[in-house]
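Two complexes come next, and they have one chain in common, chain A, joined by chain B in the first and chain C in the second.
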Partner chain A sequence: MIDRLRGGGARARVALRRVLRVARWESSRAAGGVDRRTLAAAVALVAVAGGVVGVGVATGVAGFDVDRDVYRVGVDPASPYADAVAADPSLRAVPAREAALGETTDATVITVVAPSSDGPGDGPIAAARVDEVVVRATDTRKGAAAAASVREAIEAHNERLMRAEPNETAAFPLTVTLRYAERSGGPADGPTLGGSGGESATGGDGATGGESATGGDDATTADGGSAAADGGSDPAGDATDGNSDAGDTAADETRDTAGDTVDSETEDTAGDTAADEDEPGEATEADGPAVPPVGSGVFGADTTGSPSSITPPFPFVSLLLAFAFLVPMNFLIQAYGSSILDERTNRRGEPLLVTPLSPAEIVAGKTLPYAVAAAAATALIALAVGGGALSVVGVLPVAAAFLGATFVGAMFARSFKELTFLTVGVSVLVTTYAFVPAIFTNVTPVALVSPLTLVVFDLQGEAVSAGQTLFSTAPMTLGAGLLFALGLGVYREEDLFSQKPVTRKLLDALAVRLSPVTASEARLSRRRLRALGSVALLTGCAIPFVFVAELLAVAVLFALPVTVSVPVLLVTIAFVEEVAKSAGLYAGFERGVFDRSDAVAVAVGVASGTGFFLAEKATAVVQVVGLTDLFLGRAAFADVAGLSGHAPAALAALLAAPLVLHVVATTVAAAGAVRGRTAYAVALALSTLVHAAYNVGVVSLG
Partner chain B sequence: MIEVSGVRKTYGDFAAVVDSDFAVDDGEVFGIVGPNGAGKTTTLKLLAGLVEPTAGSVTVAGFDASDPEMRRHLGFLPEESPLYEEMTALSYLRFFADLYDVDREVADERIGAALDRLGLDHRERRLGDVSKGMQRKVAIARSLVNDPDVLVYDEPASGLDPVTTNSVLAFTRELRETGKTVVFSAHNLYHVESVCDRVAVMNEGRIVARGGVDEIRERHGETTYRVFSDVAPAETPALAGLDAPTEAVGDRHRTAVPDMDAVETVREAVAAAGGEVVDIRSREPNLEDVFLDIVGRPMPGRYAGDLDAGGDPDSGGDDATDDRRSTEVAE
Partner chain C sequence: MGSRLTIAGRELAGLRAEKTILLAVGIQLFIAAFSSFLVVGLVSMYDPGALDGAEIEVAAAGDAVDGVERAAAEVPGASVTAYADAGAARHAFDRNAADAVVVATRTDEGRIATAVTAPDATVETTVVVVQLRELLRAHELNERAARAPHLTEPPLPLPERSEASPYFAFTYTVLIPLLAVLPVFVSGALVVDSITEELDEGTLELLRVAPVTLGEILDGKAAAAVAIAPGQALLWLLLLAANGTSVANVGPILALMTALTTLVVAVAVGLAAIAPDRRAAQLLYSVAVLALFGGATAMDGGPANAVARLAIDSADATTGALVAAYAVIAAAAYLGVRRVVVAEGLGR
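Now for the complex of A and B:
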């Protein structure tokens, strides 16, 4: 045993040494491949760009205040509202005497002062003397927006003054505490995708669930009073409260409960925001629906709280900074993909294949410099934007996915032109997968399907559990590893230098992982069972990709009303899973690994379906973060959710049902695959329908 | 040193190599010749472990060809040898020596010796900036950095000018003298004839002849005779029964015949015409004649159906598995 361990250690050291040699060579090649002048020009360009942005940010000329000084507002410097205007970055104060509406200003604040025995005076106007404030704006969309901004600025100013008041009770005579209760009903209880907590925030929403209707109503009442008094008073930066309005889950609930001890503003956040968008002049009418019915009219069935009808509080700056992590990846994959393809061009890499190095060592060595560069760039960006280790942990799986997908693309591409197409495709896909869900970071746990959400959390200073981290990073990490394994299967002379279409290369890459299954062999012979095991393993390895595809589908369809998203999702998931189970079988038949007979089709169909079923159970990880608490999450992962609390017989039936489904559907697809491409396409459609029907049944029963 | 036994390599339905058997001794230079697509390159890749046989076994230096350890004993020169053009010859060769775990000092010594012998001076120039002949020499030097026992060269003189070709062929002959076992393929039969101890002729994926160059020539080529006379031979019945074309060469007439009996027939025909034979010359066949003769014969197809239905030209030979014991041509 010890000798074996020593032998393994020695082999690992040799492999590491070889990998490092190739990596060192690849680094020098990559560096040598860039002309020094080009490199110098690129460095200079980056330095200039960085310098300009840096100086801009440092001096306040540039930065993330993209709406700075958008509106010119005329206001008397002596007016108490001058401070409110000055404090709002989107407003630029113009002295009242210079103000000409429509020419030098977009809006003008006219302060009507009550007559005083002391006369007008030259000093500042005391607030107590203000009799009326009138905001006049140009009759344009910009004027209306300027007026709305002035109103918001004044509200924010008032809020600051109230908060500065030493007597809190006097400033806020009414305190409303919101508590969110767990929804106990099934999916049919509410059509929202986003979960259960937010209805109370909409005010008067007892019909949708009643979890905190009282609170909601009270809040509305209080809010109404508040609005009447001061036109609403929500501080602009209260994103967390705004989030509570969209309302979701336990995670949000915790934050909201803690944050809403004084929260007559809570309702205003959504209400004002919504109102501002549609009717700036009615922004103080906070009693209306907190979420505007955008989109619900189109699909007809939504009531409240659907993501199609909310304005989520986008973590704009954090998202922007998180996106910065993805930028270097796009450059890296271009260099990496070119390097891999360069080995394949004119058989340049053939001599490497006759060295003692294994293909895995060659690929690891060639990949390592780019992985290190990605890690270094990630760490530097994290340092620059104030991220921590969590940001790096979140971005590295994305980098791995970029590299893994590019490797496969470069292995399959026949030319640099095709490689460019593939790397752009990789970039778009991975960026979409990473970025789109992260937009919903503060809205729903669906966002955690993207590792970039961890970055956003990190930049927002929010804690993330180990389970959430695992949930976010594992699928991409596993997927990247499997992509490398897929590409490595064809990193051999026979495939490396051949000019086959991408689809045929993919079939080759799948078939190379399979062992022959013949019709003449004894059904239970050890060799045959091992071969069927390879079928099950290959299908099982597809699970991370299935998981990623399904999560992406959830994230993309999340924005649609459930009446549309759920049926589409169920069919999409059925299709994705049936392709995952049967693509390898089709490759096996096409490449002659499997004998073309119905008996073999049944055998490999059963093996593939079983392998998928077993691997699918691994997706129980979705429960770690409570994704199955969502309606859409339950629809997508019903097989692994909600198994607890059943009788043993029912549990066995629940477990057996998906097994039977996968075996039957995959056998149908295999029966088509054995007969060729067209028959496979038809059989795949049929198995997808069977699977989709099953999914609909599960969701209906759920 | 090399044993190839019952090897078949198929790509889908197509058989690149069909039931190939041969062995190569230590220190031997073994040539593989054949027309384009005969299966020469695939055979060399099988020896180098670059492709795995569909059936049969390949053993090189005591290792199965798929064993990575075998590659330590092998130097391979592919037909095309595009190099990493941004590297210099020296850095390129050092890199490969590194991959074989060769000490830097030993590596530099080997690289220096190989480049000196090959006459390559531009060691610090980027490989993209040197001629194709120089690049080929660097590729040959690369095959030697690990001091291998077996060298597998695919068309080593392909695309080179005559001077460089001669230099490469001379270098290959020297390798034999240093005890290396060399297997190489070539289109140019002169190269094979001038360097190889033994030859295998491939056609349609099959080895259709193998043995010493002289033996193959003797077996497959026949000595022909040319009879020169001062008048054209008379058209006698005996001469009409021969395939003996006559053509005028200057003031003489030349008649080519296959054997000495035919020479006598021509002599009689010339006498009948009133003339006499002034000269008789014999002509030995070269490998090219043999090659053209062999590859001109009909062969079974190489697709799955053909292989199942058609006969295998090698299968009839009892000695097919050991060509050292007998130089019988497997047909």
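Now for the complex of A and C:
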């Protein structure tokens, strides 16, 4: 036993040494490929472009206004509205006398001036004389959009005017304190429900206190107001502060991870007020929740300011910064894909194959420098944008997915041209999969399917539990590992140096993982069972990719109205699952791993369907984060949901139904796969229909 | 001419055989579908009024509640119910009878303080907050108008609200330029691959024993790449037109795309000629194109903005001149690069 352990340790050491040797060789080659001159040239290019843009933006000549001058607006240059139009980049002013609506302009601003003793003069019109304004627009979508832009431009102009106004009370008569609260059920709301309303009206005083502290500039009001308003920093107001308000504030403060000094003060307030009231117990409860419930606190601090300074909780800046992590990956995978494909052209990789190194060691060694580079780049960006270790933990699975997908792409590609397309495809897919869920970071826990959501949380300064981190990173890491395993299977001489269409390469890679199933063999021989087990395993491994495909399908079909998107989605999902279950079987028949007989088809069909069913049930963890709360999510993951709260018999039936479905549908597809390509396509369509019909049934029953 | 066409045909046949061009079209289709997901998703978060029936119910209280009620009458998408006191309003919120609570009180300084409570961390939060903002802005305008005599410079009267589709501007200023410009990048990458691959495998030497000059080989490869990008752009514009988005100035847009592709191909040929291998060439190419387009987009009359203005039919004489200028620059760049490469020869 100890000997064996020692032997294993020695082997691991040898393997590690070999991997490192290949990695050293690869990085020296990569450094040779991208020599210093190339690198210097690239840096110089970026520096020049960055400098030009930077100077342009700084001097106001340039700006990333993609909508610059898209609407033409006729306006009298003497009118005060000319300034408003000129200040909006998307509007181009056309002097009123040249303006012809529908030809040279999309909208015309008509300034109606109150009649005055001066009569119409040629000089500029004073703003005070403007009686009203009419915007006449063409009767097109563009005209309507132009008119809306004009209104926005005038609103922005007024806002600028008011900011310069000395009489602040008249310019900004309204102050708003926005806070987020959970509906009853959360203990934080206890005192609110119990508290009588009389005093809580004066709770507004807290807001006023905050506002008056920051008063002056509108910009600072929006930013700095929150702490002051929260704390009710005006001590005089504390005595009259209503119970409900204080309770709320305390609850809000305990959620605030910033943990500023106002915290203790606020809790004191809550305690004091509660003591005055007749329900002290509930106030203590309000102090209670030190640990935020899942999903709350996401919205960060409250905001105070004028109404226009209220912003919906959308993590725009954090998202933009999170995107910065993905940029270097695109360059990295180009170099990595080139390196892998380089081995395959002109049989360059042959000498490496005849060494005692195993394919896994070669691939690990070749990948290591790029993985290290990705980690280094991620760490650097994290330092630059103020992210912590969590950001790095979140980005690394994405980097692994980029590398894994590129590895498979480079193993399948026939030429550099094909690799370019595959690389672009990989970039687009992985980027959207990582980025799009992160947009919904503050909205729904489903966002955690993307590890990038962790980065957004990290940049927002939110705490993330270990479970959430695991949920977010594990699937993508697993997927990347499976991709490497897929490519590794064909890292051998007969596949490495041959050129085939990508689909045929994929079939090869799948068939490698299967063991022969023959028609003559005993039905339950151990060898046969093991072979069928490998079929089930292969299908089960497809689950992560099936989920990715289904999520992307949900996103892509999102734009359609629900009446269209749900049926299309159900069929798409059925198709994706049927392909996932039967592609391996088709590969087995085509590559001669399975005997072409109906008995074998039934055996492998049952095995594949069962493998899929088991793997899908294993992912019931999806339920934990409430993915099934979404309507579209429910359609996609119907089989996983709704298992709790049923009698055992009903539960068994609920479990058996999808199993039967998967087995039957896959057997149909397998029967087609035996008979060649056309028959497989027909059988696949048939099994998709069966599956879709079942899905429709489940959704309409549920 | 014939030999150039032969080479261009060979390039295109290679792409067709690999069917990779289908992947490129598939990627674009995916991006287009995805952008509509993004735009509908994001716009409906920011501008819920665009969605039918997105109306929020606000529970209001406080001594200045009448102003909130008045504002609600002017704003579509928000209705206000007054409650006797803040506790009652909050109770309505807690039992889901209201989406938000607004408590408006007059302060000693003559302002109105509004304490707003919105639901925490739910899908509808953004919608609620956006509608609340509209409501409170209307309220602010009313109050400001009432105090106008105290202002040194009164705000300008606003025109009527107009019903505009929020997707309109996005479609023309982001989606169409993006879909038009993406094939341009891919075309350049193809040229880099095509040249470095021939150098790598030594097939360029074989080609050179045929009666063609190096210039003709470059022309053929460039022609194939330049032909693809405007073709793909046209495909997109047709798809959009079929989808009900009318695109103006299709001719000038395609001319602009051809010019841009030529420019990018010139960069690609130059880099493929000087870079030591494919990896270096692709890296330099990506950086150069990013820098080129990033810089150009930031400038007045950048390609993305030019496409947007052409497509939305806001082009004027300067836009036409811009397209011509791009064409001249592109032709000059390609001819210059070709001349240098023919003189210096390909290879390291």
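Before moving on, here are some points about what is shown:
Assume the second predicted complex is superposed on the first by the 420 of 702 C-alpha atoms of A that agree within 3 Å, B and C clash if a C-alpha of one lies under 4 Å from a C-alpha of the other, contacts with A are read in each partner's own complex, and residues count from 1 in each chain.
FYI, contacts are C-beta pairs under 8 Å (C-beta built on N, C-alpha and C of every residue); 3 or more make two chains touch, one makes a residue touch a chain.
Keep in mind the model is a prediction, meaning the values are calculated, not measured.
Residue by residue along chain A, chain B and chain C are tallied for touches, and C comes out ahead.
Of the two partner chains placed by the overlay, only chain B lies in contact with A:Arg21; chain C stays clear of it. Of the two partner chains placed around the shared chain by superposition, neither chain B nor chain C is touched by A:Phe323. In the superposed model, A:Gln334 makes contact with chain C only, not with chain B. When the two complexes are overlaid on their common chain A, residue A:Thr355 makes contact with chain B while staying clear of chain C. Of the two partner chains placed around the shared chain by superposition, chain B is the only one that A:Gly592 touches, whereas chain C remains out of contact. By the touch criterion stated above, A:Asn346 is placed in contact with chain B and with chain C alike. Once the two complexes are overlaid on chain A, the chain A residues touched by chain B in the first and by chain C in the second are 33, 345-346.
If you check the complex, the residues on chain C that touch chain A are 14-15, 18-21, 23-24, 26-27, 30-31, 33-34, 36-38, 40-42, 45-46, 61-63, 84-91, 93-96, 103-105, 107, 109-123, 125-126, 129-130, 132-133, 136-137, 139-140, 143-144, 146-148, 150-165, 168-169, 172-174, 177, 186, 189-190, 193-194, 196-197, 200-201, 275-280, 282-284, 286-288, 290-292, 294-295, 297-300, 304-305, 308-309, 312-314. Across the complex, chain B is touched by residues 18, 21-22, 25, 29, 32-33, 345-348, 350-358, 492-494, 591-592 of chain A. Interface of chain B with chain A (complex): residues 11-12, 45, 48-51, 68-69, 71-72, 74, 76, 78, 80-84, 86-87, 95-96, 98-101, 139, 142.
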